[in-house]
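The following pair of complexes shares a single chain, chain A, combined with chain B in the former and chain C in the latter.
Entry: the complex of A and B
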C-alpha cells in the first residue's frame, strides 16, 4: 500500500533518478543550469543553516564562499599548486575566516548580526576589488581547472551532483542531531535555552562555522564550474541572492534551498533571455515573498498539503487502533475489516484524545517538525 | 605629510563627513526609533541624485534639483513606510529583507533609466569658485557642503531637544512601548521619521552627485559608509551621528591619501574594535 511515508521516499527516489538521468534527456545548456542550481542550492543551504535553523540572518555569506574560490584561484594560478592541494588550501582558509568572522559576529544578535556580516562581506569584496596584484581586481582570476575526471559539462554535473548530495545528507543529519534541535530551540527562544544550560553563543558559533564549511564547498564548485572568480561572486548582491533563494524555497527546510536555487537559476538564465529587467523581477519576487509567503514554497507546501495529509494519516492510525482495542479478539497485526476501519471518516473530524496514542503522538510530532 | 596636505585632507574629511551626516542622520533615526536597518537608504540616495540629474537635464538649476530630489524621495519614503513596512511592523528581519528587495529593484530600474556610466553633476553657479584656506586652494562647493551639514545638524538638534516631536522621538528611541502606552501615536512618528530620513537621503544624493558622481553601485558604497557611521556613533544618538560622520570622513580622507590600497581596512578596523568592545557604539546606550 502506498502510505505517505513511502510516498515521500518514492518522491525522493524519483527526484534522484531524474537528477541522474538528466544529461541523457536534455542538452548542455540545461545540464549546466542544473549544475548551477546544485551548487547555488548548497550555498543557499549554508545560509539556511544560519538563518533558517539558527535564526541569524546573514548578508555576508558570499564573502565566505568567495574566500574559498579566491584562495583556490590564487593557489592554483600564483603558486602553481595542483588542483587537489589547492582545493584543500581553499577549504581550510575558508574555515579559518569563518571561525574569525563567526567569533566576531555571534556575540551580537538580530540586526547587529546582519550588519556585521554585511560589513564582513564588504571587506572581502573590498580586498577582491582593490588588492589587484593578488586578486586581479575587477578582472578576477582566470585559469582555475576542473578535476581531470570531470572536464566535460556532463561529467562536471555528475561530480557536482555527488558532492552536493553528500553535503546535503551531512547537513540533514546535523539538523536532526541534538545539536540541530538545540539550535532550533535557540532560534525559537534564546531566553529559554540559556537558563536551561545551553551555551547559546557556542551553538551559534558552531552553526556559523559549519555553514562556512558548506559555503566553502559551494564556492569551490562555483569557481571550478566557471573556471574563474571575480569580485561579483563575493558582492553583497550575491549574498542577497543566496538569501532570496533560501527564503523563496523555505527557511528552515533542506529542500527549500534547492527549490529556491532552481527558480533563481531559471530566472537568471532563462527568463533573462526574454526579459531585460529580470533583476527587477527577482527583486519583486523577493518583496512579494517577504510580504505574503514568509515560509516560502516548501514551507507553504508543508503547511497546506503535507501537514493535513499527516493529520489525516494520524486519524486513520488512530481509528485502526481504536477498532483493534474495542474489537477484543482482533489481535494487533490482523487485517481490520475495511468497513470498520473507516468509521471515523466521511467528513467527520476524528476526536483526538488529549495525550493521544503513541502512534498519533509520533505523527503529531512529525507534523510539528515539518510545519 | 606637509602642513598644507594636512589641511587639505582635513577639509576633505570634514566635507565628506558633512555629506555622510546628511545620509546617516536619517539612517540612524530610522534605526534608533523603528529598529529597521533600512538597506534601501543607499538607493534613496542614488535615486535622489538621479532625480536631480533629470531636473538639471530638463533645464532646472541646482537648487530646483535639490528640492525636487528631496520631495520625490521623501514621498517615496512615505509610500514605502505606509504601504509596505507597516505590514511587517514588529518583525525586524522581514523588515530589513524587504528593504533589501526594494534596493535590488531600485538598482536595476536606475540602471535601465539612467544607464551605467558615472555621471558628475555640475556645481551650482553660486558655489563654483575656489577659496584660499590655510595655504590650500579649496573649492567653495565643498565648504558649502560643510555649511549645509552644520545647518542640518543645528536644525536636527533643535528638533531633537526643543520640540515636542523631538521629545517623543528621544523617548521612542529609549522605550517605544512606553511611549505608545502613554497614548502617543507612535505610528505617525514612525512615518514622519522614515519620510524625513528618506528626504535627507535624497538631498544627500544630489550633493553626492556633485561631490562623488553617480553610478550603479554608489548606493551600496554610500550605504556601507552610513552603516559604519551608525555602528561607530551608536544607535539613535544625534551626537553619535555627528561624531561618527566626521570620524569616517576623516579616516577615509587620510586613509585614501596615505595608504590608498588599505583605506578600506582603515574604515573597518575601528568598526570591528567598536563592535567587540563597545557594541552599542561611542554614544549609544545599551538596550
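Entry: the complex of A and C
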C-alpha cells in the first residue's frame, strides 16, 4: 500500500535516481544547467538558513560566497598553490570573514540587518573591483582549475551533486536539531525567546557562520565550474538573485532553495534563447509568487497539496492507532469513528482528558479543524 | 502471530529506518557507478554544409543598446553580401549575454554544446570576454571571433589561441597615439579623469605612458567609479590654471553626464579636452546636444571618415536601422567581413581548426569601416587611429569627423614588443609613468630626453 511516508521516500528516490541518470539522458548543455542549479541551490540554501529559518534577510551573501572563489583564485594563480590546499584556504578565509561580518551584523535586526549585510557585500565587491593587482579588477581572475578527477562536464556534475547532497543533508539535520528549532523560535519572536533564557545573539551568530560555510562551498563550486571569477559574482545583484531564488522556492524550506534555483537557471539559460524579454518573465514570476504564494512554490505545495493529504491521512492514522489501542481505553478490534478520538495529532502521546465529555470533545475537534 | 501493539510500532519503525538506509546506500552507489562510465561523446566540425555561428551580444541589461548595435552590424553584413561564402551558408544563432560574465559563459556553453556552433562572435564587455576566452581555451575545436572586447591582455600577456581579434582593438592603442599627440600640441601638464575599472585603467595607462615618455607630467589623476551620477566633485578639482589640458575617458551613460557638466562648469573652451574612444562614441552622441559639438577625441572608428568603405556602410546602416552606426555596429560588420574573407581563403574548409585559425590570422583587410586592418604576430590589431571632432551634419545629427589620421598603429606603438610585454598590464597602480628608463625599450627613435 502506498502510504504517505512511503510516497515521500519514493519521491525522493525518484528525484535522486533522476539526478544520477541525468547525464545519460540529456546532452551536456542540460547537464551544465543542472550543475548550475545545484550550486546556486546550495547558495540559496545558505540564504534560506539565515533568512528563512533565522528571519534575517541578507543582501550580502554573494560577497561571502565570492570570498571563497576569489581566495581560491588568488591562491591558485598568484601563489601557485595546488587545488587541494587552495580549496582549504578558500574555505577557511570565508569562515573568518563570515565570523567577522556575523559579529557585526547580528547585533542588529530587520532592515538594519539588511543594510549592514548590503554594505558588507559592497565592500567585498569594491575590493574585487578596485584591487586590480590582486583580483584582476573588472577583468576578473582566470585560470582556476577543476579537480583532476572531475574535469569533464559530467564528472563535474557528479562531483557537485555529491558535495551538494552532503551539504544539504547537514543543513537539514541542523534545521531539525534543537539549535534549528530555537532559531525558528527567534524568527517567530525574539522578544519571547530572550526571557526564556536563550542567547538570541549567539544563535544568530552561529546561524550566520554556518550559512557562511555553506555559501563558501557554493562559491568554490561556482569558481571551479566557471574556472573564472569576476566582480559580477560578488555584486549585490548576485546576492539579490540568491534571495530571489530562495523566496521563489519557499523561505524556510530545504527543497525550496533548489526549486527556486532550478526555475531561475531555466529562465536565464533556456527561456532566454527563445524569448527576448526573459528578465520581464522572471520579474512576472516573482510578482505572481509574492501575490499568490508568499510562501513560495514549495510552501504553496505544502499548503495546498501536502497538508490536506496529511490531514486526511492523519485521521486514518488516528483511527488505526485507536484501534490497535495505543493507550486507548477502547477495546481492540472495534472500529471507532475518528471524530470521537482524543488521540494527539502527532500520534506519539495519547492523553485522555480526565472527565472529557462528548461536548468538550466536539469543541476540541472543531478547534482542531480550524487550526 | 499476533503482535503486541508496541512491538508492531517498533518493528514498523525499524523496517522504515532500514529501508531509508538502503535507499541512501543505493543512491550513493549509483552516483559512484554512474561516475565510472562516460556518457556519449560529441562529433566535431565538418567541411561542408552550413556553418553555424553563435552571436553573443548583450540585448538586455545596462549595455543593451550597444549590444543591439552589434547584432545589427552582424546581420547587416550578411544581408548586404548574402549569407553564402565559398559554397557554404552562414547561419547565425543569437544569444543574450546580459552583460554578465556568468550568463555570457553559460550562453557560450549553450551555443557550443546544444547548437553545435563551430564559430562564436562577441561579446561586448571585457570581463565577459575573459570568461568566454577561458572557456574557449578548453574547447580547441571552436573558433572565437572577438571584434569588440578590447582588454589589452587578450593579445598581449595572456592571449587565447582560438579567440581572435577579427576587426577588434586594444583599449590602450588609440590612446598611445593621444599621449604622443598631446605633447606635440605643447601640452606639458595634463589632468586625467578616467573611469575606475579595468578598461579605464588601460585607456588612461595608454595615454600616460607615451605622454610621460615625451616629458609631459600628469599633475592630477582622477578616477570616477562606473555609473557615477554626478561629476561635479571631479570637475571641481580641475583648475584650468593648473594644467594645459584634460584627458578624459568615460563609458556609457556616464559620458552623457560628464559632457553636459563639462559645459555647465564652464570648462568647455576654457581648457582643451582630449577624450578617449568611448566618451564621444556615436551610440552616445545620439543622446547628446550642442554641448558635444567641437569636442575632440581619439578612436579607431570615425563614422565621418571620407572613404567609400565607411560611407557605404554608414548609408546602408542608416537605410536599414535609421541610425548613424556606432563603433559596435562597425565592429561586428567588420568581424563578419573578416570571417567571410577567411572562409573564402580557406575555400570553405573549416575541418582543420588549426589551419583555419592560421588563415583567420593572416587576413588583411585593405579597407573596412574602420580603415585598413591586420593582425601582428601576437594577435593584436594593427589599425588606423583618428583624431576626431564632433560636428553637426546637414540633418542635425552629431557625427565624429576625422581631422587627423594615423596609419598602421601597432599595439606596442613605438615600444619594443618584448620590453613592452615585460611591464604589467595597465592598472590603477601602474600607468607606465616612470617607464621606460632607457632607450632600449623603444623599437624606433627614442623619445626620451637624455
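Note that in this section the second predicted complex is superposed on the first by the 320 of 371 C-alpha atoms of A that agree within 3 Å, B and C clash if a C-alpha of one lies under 4 Å from a C-alpha of the other, contacts with A are read in each partner's own complex, and residues count from 1 in each chain.
Throughout what follows, contacts are C-beta pairs under 8 Å (C-beta built on N, C-alpha and C of every residue); 3 or more make two chains touch, one makes a residue touch a chain.
Note that the coordinates shown come from a computational prediction; the quantities given were computed from them, not determined experimentally.
Asks: After the match on chain A, would you call chain B and chain C a fit or a clash?
Replies: clash
Asks: Pick one for A:279: touches chain B only (first), chain C only (second), both, or neither.
Replies: In the superposition, A:279 touches chain B and chain C alike.
Asks: In the overlay, answer first, second, both or neither for which of chain B and chain C A:118 touches.
Replies: After superposing on A, A:118 lies in contact with chain B but is clear of chain C.
Asks: In the overlaid three-chain picture, which partner chain does A:240 touch, first (chain B) or second (chain C), both, or neither?
Replies: Only chain B is touched by A:240; chain C is not.
Asks: Looking at the overlay, does A:130 come into contact with chain B only (first), chain C only (second), both, or neither?
Replies: The answer is both, since A:130 touches chain B and chain C.
Asks: Of the partners chain B and chain C, which touch A:29 in the superposed model: first, second, both, neither?
Replies: Second partner only.
Asks: Is A:18 touching anything from chain B or chain C once the two structures are fitted on A? First, second, both or neither.
Replies: The answer is neither, since A:18 touches no partner chain.
Asks: Counting only touches as set out at the top, which of chain B and chain C does A:7 meet: first, second, both, neither?
Replies: neither
Asks: Name the contact category of A:291: first (chain B only), second (chain C only), both, or neither.
Replies: In the superposition, A:291 touches chain B alone.
Asks: On the A-aligned overlay, A:308 touches which partner chain: chain B = first, chain C = second, or both, or neither?
Replies: Neither partner.
Asks: In the overlay, one of 76-84, 112-120 or 184-192 from chain B clashes with chain C and the rest don't. Which one?
Replies: Clashing stretch of chain B against chain C: 112-120.
Asks: Would you tell me the residues on chain A in contact with chain B in one complex that are also in contact with chain C in the other?
Replies: Of chain A, residues 130, 276-277, 279 contact chain B in one complex and chain C in the other.
Asks: In the complex formed with chain B, which residues of chain A make contact?
Replies: Per the stated touch rule, the residues are 57, 59, 104, 107-108, 110-112, 114-116, 118-119, 122-123, 126-127, 130-131, 236-237, 240, 243-244, 247, 276-277, 279-280, 282-284, 286-287, 290-291, 294.
Asks: Quick check: in the complex, which residue numbers of chain A touch chain C?
Replies: Going through chain A, the ones touching chain C are 5, 9, 12-13, 16-17, 20-21, 23-24, 27-33, 36, 129-130, 132-133, 136-140, 142-143, 152-155, 158, 161-162, 226-228, 230-233, 268-269, 272-273, 276-279, 324-326.
Asks: What residues of chain C sit close enough to touch chain A in their complex?
Replies: 5-6, 8-9, 16, 19-20, 23, 27, 30-31, 34-35, 38-39, 42, 59-60, 95-96, 98, 100-103, 105-107, 109-110, 113-114, 126-127, 130-131, 133-135, 138, 151, 153, 158, 196-199, 201, 424, 427-430
Asks: Using the touch rule from the top, collect the residues of chain B that touch chain A in their complex.
Replies: Touch list, chain B to chain A: 31, 35, 37, 39, 84, 87-88, 92-94, 96-98, 100-105, 107-109, 112, 220, 224, 227-228, 231, 261, 264-265, 268, 271-272, 275-276, 279.
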